[in-house]
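Down below are the structures I want you to see.
Here come two complexes built around chain A, the first alongside chain B, the second alongside chain C.
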Partner chain A sequence: MRIHVIKTLLCVLLAATAAQAQITTSNVNVLVTGKRCGELKDVYLVINGKDREESWVKLEPAGTCRWKADLGDGTITTSNAKFSLRADFARSDCQKAAANETDMTANLQFACCAQGPLRNVSVKVDPPMEVTYVRNVRPYAARGIPCLEKATFTDGQVAIGGAQFSGEDVYLHLWPVNRKQPTPGLLLDDIVADKGPRVLNRGDVAQRLMVQRAQGKAAITPTLSSNALSLDLKKLAELKFERAQIEVIK
Partner chain B sequence: MVLLGEIQKPTSLPPPPKRFKHHVLFSYAAEDEEYVNAVHAALPPELNVFNYKKTGIWGKELAKELEHLYKNEAPFCVVFLSKAYLASEWTEKELGIVSRVAKRKPGYMLPVVLDGTVVPEIEDIAWLDKSLSPEQLAERIVAKICEPPPKPWWFYLSLETKVAIAAVLLTLIVFGRQGVNYFRPSRTKVTNVQATEAITATVVNSGPKRATIVGQRLKFGALPIEDTVLRLDKPASATIAPGKQDVKLIALALETKCDAEGIRPDKYEVEKLLDKQSVTLEIDIRESDDAPDQSTRQSVTFPAARLKPFVERWVSGNANSCD
Partner chain C sequence: MIRTAAVLFALLTAVAASAQDPLFDPDDFLDPRETGGRPVFISRIVIGAASDMNGDGFRPLAENVGYLHLANSFSWRSVQFDYKRTQMKAEDGEAAVWEIPYTRFNEDVIVFLPENARQTRNATPKSKDTLHAAWYWPVGSGGGGIPVILRSRVTFATQPIAADVEKLGPTPETTTTQRMSGRERTFALETDTWFRIAGHNVFGSLAVSETKTTGTLANRKERALTYTNRFPSISLDRAKILIRPTLTVGGITGRDSSGVNLVNPAIEIFRPFAQTGANLHVIWSPQWAANGNNWKVTHQVAVLIDRALFVKVF
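Take a look at the complex of A and B:
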């Protein structure tokens, strides 16, 4: 009898899994819930963690608290594409879209809005070099999923838009970001909490990286290795890194 | 016994029916040979006397050979009956054979009673006697040979019977094929595959019954696209009627595989690889004679380049990480 019940449950589970269809589409519908959704004006969609502002997709209003976008050739597949919202006073966590097979649209529903101020952060690296920031966004709504959002700047002038440090960790990578061999990134959350612009020289960056390592905040396995500091200093010297100025613009 | 015929026939003589070598057979006793020879002499001179004693019958089983001869060599057999005929063991056997053949082929036996000897075998058959001169008998034999062939058996059937038979035949012609088809299963093959934003498979069912498509998938081989289950454009197109049918298959998405860098390539990356690869369309078909849980898999492998519009439509234009 028990086996029958388990089999039935398994069948139901499998059927439910099979029913989650995926579609590839260029049409995205966005619904924002919450009391403040009506206050949102310019709303942008970040797709697959491509966080440079040029990559953001501006959404068109489609009713109260509703927006839509036609991605053109930049189609997405609902099973693996990740989305987050940017607006003037809020950002969302990441989520996947639900597929509507009938009208072939990807439907997103975000809750507005997470607690905590938004900050636009500017980073200027001297001398100019390629820098990448990685935002490790934590989910806070029921539909939310963890995700990484990145942007790379070749001239050392980094603009991080709408950072909500209560819901994400923002790392500045002076080395190329490699998924298989993670390199330590400089965690900006603690730095931008300080008032006014901060200038970090090579030694400051190495020291912060060492502290992050010890705290397990370096996006790598926690370590107290004594030679990590000297290795970081050596790498920064190889990059000819001198200083970075970090400033909250808004 | 003497066989007459075959050789050269007078111009007025029709050829013997195709399956016979001779016009007529003579069966007689040696004692009556004088009269028989006179008859033979009066027949058109082109006819030769066939003497079985001079044929390849030597060494064979005589009874069997005689039976074969009487059944198959001529459409008529003239039997010269006399006391001497009945007294001879062999001519008596001949009479038995001729009687058996005559039962199956009415008109086959042509009796000539030479001395008033009448046997039960000819009681129901019109016969001639020796009152005819050999010349007259020869004329009657020629006349018999020249008679138009007997009408087929169905000629003598009543009109009602003929109509009934015609109705039965018509029914068989009209419904016979369906009857035969009742026992023939469907046999289905995928003969061609075309692709736009959907895939069109040409399916040919050479059987008389319907087949059913029960599954369909696309396998991408070395391409960085996950194998995908396709859908039928219309559920009704799962049924493959006899003949040729185009089946439209659709996908709602094609998911790319993660590369070594942990990135799912977008359609632009995938399209570069299409020219060098092939893909396979698999269609599971349940033939009419398959069990409910059985099906036959039809696979068609074709150049992936043919799928370009399909890939362009259903592979994401946005690369993304596999996190």
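Take a look at the complex of A and C:
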């Protein structure tokens, strides 16, 4: 009986502590560790997966390897907000901020910098149509958490900045993204080549989607589903999709 | 003494769906996320041929067969219903049969027949009807933020069996033939499985099934528990060819052996032709099955073409 009471009190205490650890704030402090952190110049935060460059938050220097940002009206809650870092030659995985209740700031600490080259990828879809890319970012540091980052372009001209294919999968969506149950889409990792632009027509896109499913890269059991292939061709025809040109621009 | 032996050659035709999907039945997995919540109806025809074909899931028939298969799938959100109708023809124009090497006088007395009396091809199988009800469900995520979708499925299949039974008398003149009408029914449960081992995805399918034959002189019931590991396919991008390996292992009752008595690797080569909408499949599926301590292997090779007749997204 006594043990139960102690357990219950402990749980309540822990829950209360956890509840206290959550704050809502507009002030974010960023610490970057690692030998190359001093080389970082322009540093940005991607918050809650909003990956269009216009949505990136530019950080102000606040000391050696330290930056800060005031989000103004755009407050975040530390328990559920997800952040990742963008800089000239690096990107981070995603993580949640630690709450500093004393000065009411959200504190982030990223390790600089993950291995693997960064690529800026350009996609041009013909005819122009709404296209979304989704970055499925895997955690590669101790504090990391999996996350999805995305951006939508209404004119079919897509720019994907700083893609690091060793730590993330980048998917192109020609159809609306289901927010509750996101689907992978067209995986660009295997398509992007440094040797020049790659053009995919309707059949090529359907074939690539088929390959993804068959190789277990579509978040389903590996399958050679003829029905899925027929559905892809049908949907691409409905979109009047003709081709997509994919190119590494930097 | 007149001895009337019921020589029975019952016939359990090809491809009654046991736990294993028929070789000729293309995958019909449809990720509900891809349908965008819209109902989808797809009707598909499959024609093909196979050598050394197995039937009834895992029973050896060693027949060369032709095959016609019509599959209708209706998907809406996380559920999918299929109705499939299949017809198989063996090389002699009749259905493939399953060899019964003994005659059974009653439950206790079994007389093994001489080799030359063990087979008949007098069976005429009817079309087989198969119903699937499947639901898709999300689980975890494969290393990122996108959940994995798995499918569970209930299958019911039924197939009439018309059997000619020869009753042997002391002389050929007294041998008579009796026509019997029976059926075979299969009930199966199947679910996809997914594990993460050392950062790698391991996908498979676990299936249990019961196949029951009634109305023949060889009534029987067989249960199977199988696991199929679905390895990632190999893609030959330039040729647009996919090569998919799978491995099925399992235990089947009524084989005078316990434990694992089935090993069935398979390699499927898949080539879509986007211009015509047709897909070519070439499948090699050797099957090792144990009867008692004896393992027998059959090397099934199948070639088939499937094409959607109708694709409607509502």
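Simple rule for what comes next: the second predicted complex is superposed on the first by the 219 of 250 C-alpha atoms of A that agree within 3 Å, B and C clash if a C-alpha of one lies under 4 Å from a C-alpha of the other, contacts with A are read in each partner's own complex, and residues count from 1 in each chain.
Operating definition for what follows: a residue touches a chain if its C-beta (ideal position, glycine included) is under 8 Å from a C-beta of that chain, and two chains touch if they have at least 3 such contacts.
Keep in mind it's a predicted model, so treat the numbers as computed, not measured.
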Partners on chain A (chain B, chain C) - clash or fit: fit
Which superposed partner A:Leu239 touches (first chain B, second chain C, both, neither): neither
Which of chain B and chain C A:Leu229 touches, first, second, both or neither: second
First, second, both or neither for A:Gln22, with chain B first and chain C second: first
Superposition-derived comparison: chain B or chain C, residues of chain A touched: C
Partner chain(s) touched by A:Leu71 [first = chain B, second = chain C, both, neither]: first
Chain B versus chain C as contact partner of A:Glu101, first or second or both or neither: first
Which superposed partner A:Leu148 touches (first chain B, second chain C, both, neither): both
Shortest CA-CA distance between chain B and chain C [superposed frame, angstrom]: 7
Common ground on chain A, meaning residues reached by chain C in one complex and by chain B in the other: 146-148
Complex interface listing, chain C residues touching chain A: 26-37, 40, 42, 44, 73, 138, 141-151, 192, 194, 201, 203-205, 230-233, 235, 237, 240, 242, 244, 268, 270, 272, 274-275, 277, 279, 281, 306, 308, 311, 313
Chain A residues touching chain C - in the complex, by the definition given at the top: 136-138, 146-148, 168-169, 175-176, 178, 181-184, 202-203, 206-207, 210-211, 213-235, 238
Interface residues, chain A side, partner chain B - complex: 21-24, 26, 47-50, 71-82, 99, 101, 104, 146-148, 179-180
Contact footprint of chain A on chain B as seen in their complex: 252-255, 260-264, 267, 313-323
